[in-house]
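Look for chain A in each of the two complexes below; its partner is chain B in the first and chain C in the second.
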Partner chain A sequence: MNAALQKAITTLITSMADDALILGHRNSEWTGLGPIMEEDIAFSSMAQDKIGHAWALYRILQEHLGGEDPDQFAFMRAAKDFTCCHLAELPIGGYDFSLMRHFLFDHAEAVRYESLQQCSFEPLQQLSKKVKGELKYHTLHADAWLLQLCRGGEESRQRMQAALDRCFPLAAGIFEPGPQDALLADAGIYPGEQALYDKWLNTIYPLLVNASLNLPDPAEVAPQYGGRYGNHTPHLQALLQEMGEVFRLDPTAGW
Partner chain B sequence: MYGGGYIFDEPNKKQLREEQQHDDPEKLAIFEARISKGEKIEPGDWMPAEYRRQLTRLIEQHAHSEIIGALPEGTWITRAPGFKRKLALIAKVQDEIGHGQLLYNAAETLGKSREAMINDLLSGKSKYSNVFNYPAKTWADVTVIGFLIDAAAIVNQVANAKGSYGPYCRALERICYEESFHLKQGHDALIALATGTPMQKDMLQDALNRWWQPIMHFFGPPDKVSQHSEKLMQWRVKMASNDEMRNQFLDTYVPKLWELGLTLPDPLLHKNTETGRWEYTDPDWDLFFKVINGGGPCNQERLQVRRWAEEEGRWVRKALMNPKERRALPVA
Partner chain C sequence: MTTGTTTIADIYAALEQVMDPEIPVLNVLELGMITGVTLYEGTAHIKMIPTFAACPAVSYIQQNIRATVNKLTGLPVQVTVDKEVHWQSNRLTDTAKEKLQHFGIAAPQVHEGELRAEIMLNTPCPHCHSENTYLRSPFGSTLCRAIHYCKDCGMVFEQFKPVE
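Our next item is the complex of A and B:
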């Protein structure tokens, strides 16, 4: 593999892993505080899956692409060196926001990992088979809750619509294009952000319609970009400070 | 976790004997004969009113202890150092919520709804294990809770799993299985600190010093002052005395702590080789009762967080109760 392609794959995997870690971290904040116990447990499971995905992706970086130890890489990096999207960074807010974020993000993940089933970089292709199987349950969960809440009365439907309006530009930011997209597409790694974005819209649109929600017109919405280039909301810095609080007491110690 | 060895009672409780008078003596005799034969009592079976009342309270307090017990450790989920600890801690706290769910279900079979139990928790009417009214100040506290409080809870729950009420015993069997895994995780995390850098060792020793008294309180007041009736023992609601459980806990876990070079803040703590019993300085029982009655360092905070969660989730629960209306599809 040439150096340019190696760098491009590293960029892709890092942003996927950072998304999964940061959103998994956010979603884990609901553990013990969910709206009902059964949902508390489900949301916590999915948070664990996400953090597990991040860990597996960082290990691919370490084992195949000359990356750092996953703990050091995740717990010691500065915010500007993270490439997660803004959607993942925001605080959990209310359950409406968290659930809509889960719906939009997990469908984006499902589309991405589906495309990676044919990835020419074998470690990523192998991992994507396992992750795809887990995401199936995440999207089932999201779809069921979306319908339930949108059909459970006017208050909850309005809340979900407001959450969609707020989340959509952020979610479009998941697909922030980068200069490496063409190279990765040519090398058969994955089809690139624009192709995934189109596929994602086609997936979520009928589900939102079925839940009686109005998708904002994608042509009118400015996606919230910046995360892939290390430009973040202030929330990420605060999150990382908290996440690394103990680890940084002595990064060389075993914990 | 959890469910301390102490069943809290509301003030002005009805006396056992008064309740007893209303029970049909023939049915009571059959009921007690079944229990003495080691049979399990199931939800549809006849049971004395006092048995139902005591069990409801016991299981309910146990359930509350699980969901409140999730809070002190839960605050460390976002700070757990490294992937391994982070995932283990989320999974552990999630298990505790799962235990709460199992236990509320078991208590519901006795006729009190989950909502009524949660309302009684939030109003302060029903209690939970005292140990969760103390703060988890550092990461080392998480390891002490994960190892020692889970260990203490296992001693209590393994005993209760042999009790007489079928749904509670079955819930406890599954809970004990998961708790024993928590214990391993807690032990592993505690060993990492005990064998780590001087800073980590100090952190752990400090946490142990702070948690020792709450742990000694965990099993409840000494048998000589404990108000549990023989009836509860006979009915196999309470399975072991507070002192017996405390002794069993000390016997298993104190040597493990000493082996790691840790000390415990009680100069009198030792095993009497003649009696085989552990001897120790009595913890401050006035403090124990003060904390039960709301005067602990975190009582208010714990309930406030729980109230926030209930309030924040209200609209979700409302929507779940009302999934009838299928809305018209938007035109475009």
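Our next item is the complex of A and C:
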């Protein structure tokens, strides 16, 4: 594999892992606060899954692409060196926001891992089979609650619509094109962000219609980009501060 | 037991003693976590796979495998994660499913590759065997379990989730 391709794959995997780690941390903030016990458990479980997926991706970087130890990489980097999307880093807000973010993000991840079933980079292809199966439960959970809340009366539906309007530009930012998309597509790594975005729209549209929600016109929406290039909202810095607090007390400690 | 006489069958027999920390009635073979056992130059090489990528018990289970197999065979043991195979619930043996039922956890339905949500409907209750049940949440007390409710006997019960 040539150096340019190696760098491009590293960039792709880092973004995927950072998204999973940061949203995993956000999900964990519902632990103890969920509106009902099952939801407390669900968000806590999804946090565990996401952080596990992030770890597995960081581990690929370490084993195959000259990356650092996953813990060091996760906890010691500065905010500008993270490439997560803005959607993942925002605070949990209300349950409507968190649920809608979960719905939009997990379908995006499902589409991404589906496309990676054909990835020519073997370690990523192998991991994607496992992650794809586990994500089924995340989308199952999101779809069930989306329907339930949208059919739970007019106030409930309106709040979900407001959450969708707020989240949609952020979610479109998941698919911020990378400088190496063409290179990655040519090498058979994955089809590129634009292709995934189109697939994602096709997936979520019928689910939103079924829940009586209106998808904002994608042509009218300016996606919230920046995260993939290290430009973040101020919320990321605060999150990293808290997430790495214990680790930084003694970065060499064994756990 | 001396190294010279230990066979692959002995290593498998030792693995039967390694139980899952979260479901202590099942051993790692019944769970389908072992993908290969070889004996090479006096060392037992064991390949295993975690049930879920984020399973927090993986290194603990690996440690148990090393300690138990070493104790029962006297051999040095090397445990590695097999990346070529991924775990799916169809790997659970029939014995495992029966033990799960007795433990009060419903067994996963057998799936054909692609998992569809409908498979989770009407999961038989491990207590009264009724199929008049519904999925209460796809997430339970551990990553591998879902929560169901039985409308006939009124019990909330857990299920070992089907995973593709």
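Convention: the second predicted complex is superposed on the first by the 254 of 255 C-alpha atoms of A that agree within 3 Å, B and C clash if a C-alpha of one lies under 4 Å from a C-alpha of the other, contacts with A are read in each partner's own complex, and residues count from 1 in each chain.
Basically, a residue touches a chain if its C-beta (ideal position, glycine included) is under 8 Å from a C-beta of that chain, and two chains touch if they have at least 3 such contacts.
None of the values given here were measured: they were computed from a predicted structure.
In the superposition on chain A, A:W55 makes contact with both chain B and chain C. Touch criterion met: A:H141 reaches chain C, while chain B stays clear of it.
When the shared chain is aligned, chain B comes close enough to touch A:S28, but chain C does not. In the superposed model, B is the one of chain B and chain C that contacts more residues of chain A.
Touch criterion met: A:M46 reaches chain C, while chain B stays clear of it. When the shared chain is aligned, no partner comes close enough to touch A:P234: not chain B, not chain C. When both complexes are overlaid on chain A, the residue A:E38 reaches chain B and chain C alike. With both structures placed on the common chain, the touch criterion links A:G66 to neither chain B nor chain C.
Once the two complexes are laid over each other on the shared chain, residue contacts for A:K129 go to chain C alone; chain B is not touched. Chain A residues in contact with chain B (one complex) as well as with chain C (other complex) are 38-39, 41, 44-45, 48, 51-52, 55. Contact residues on chain A toward chain C in their complex (touch as defined above): 38-39, 41-42, 44-46, 48-53, 55-56, 123, 126-127, 129-134, 136-137, 140-141, 143.
Those residues of chain A whose C-beta lies close enough to touch chain B in the complex are 25, 28-29, 31-41, 44-45, 47-48, 51-52, 54-55, 70-71, 74-75, 94-96, 148-153, 155-157, 159, 209-210, 212, 214, 239, 242-243, 245-247, 249-250, 253-255.
For chain C in complex with chain A, the residues that touch the partner chain are 52-56, 83-84, 86-88, 115, 117, 120, 136-141, 143, 146-147, 161, 163-164. Those residues of chain B lying in contact with chain A across their complex are 67, 70-71, 74, 77-83, 85-87, 90-91, 93-94, 96-98, 100-101, 104, 139, 189, 192-193, 196-197, 199-200, 305, 308-309, 312-330.
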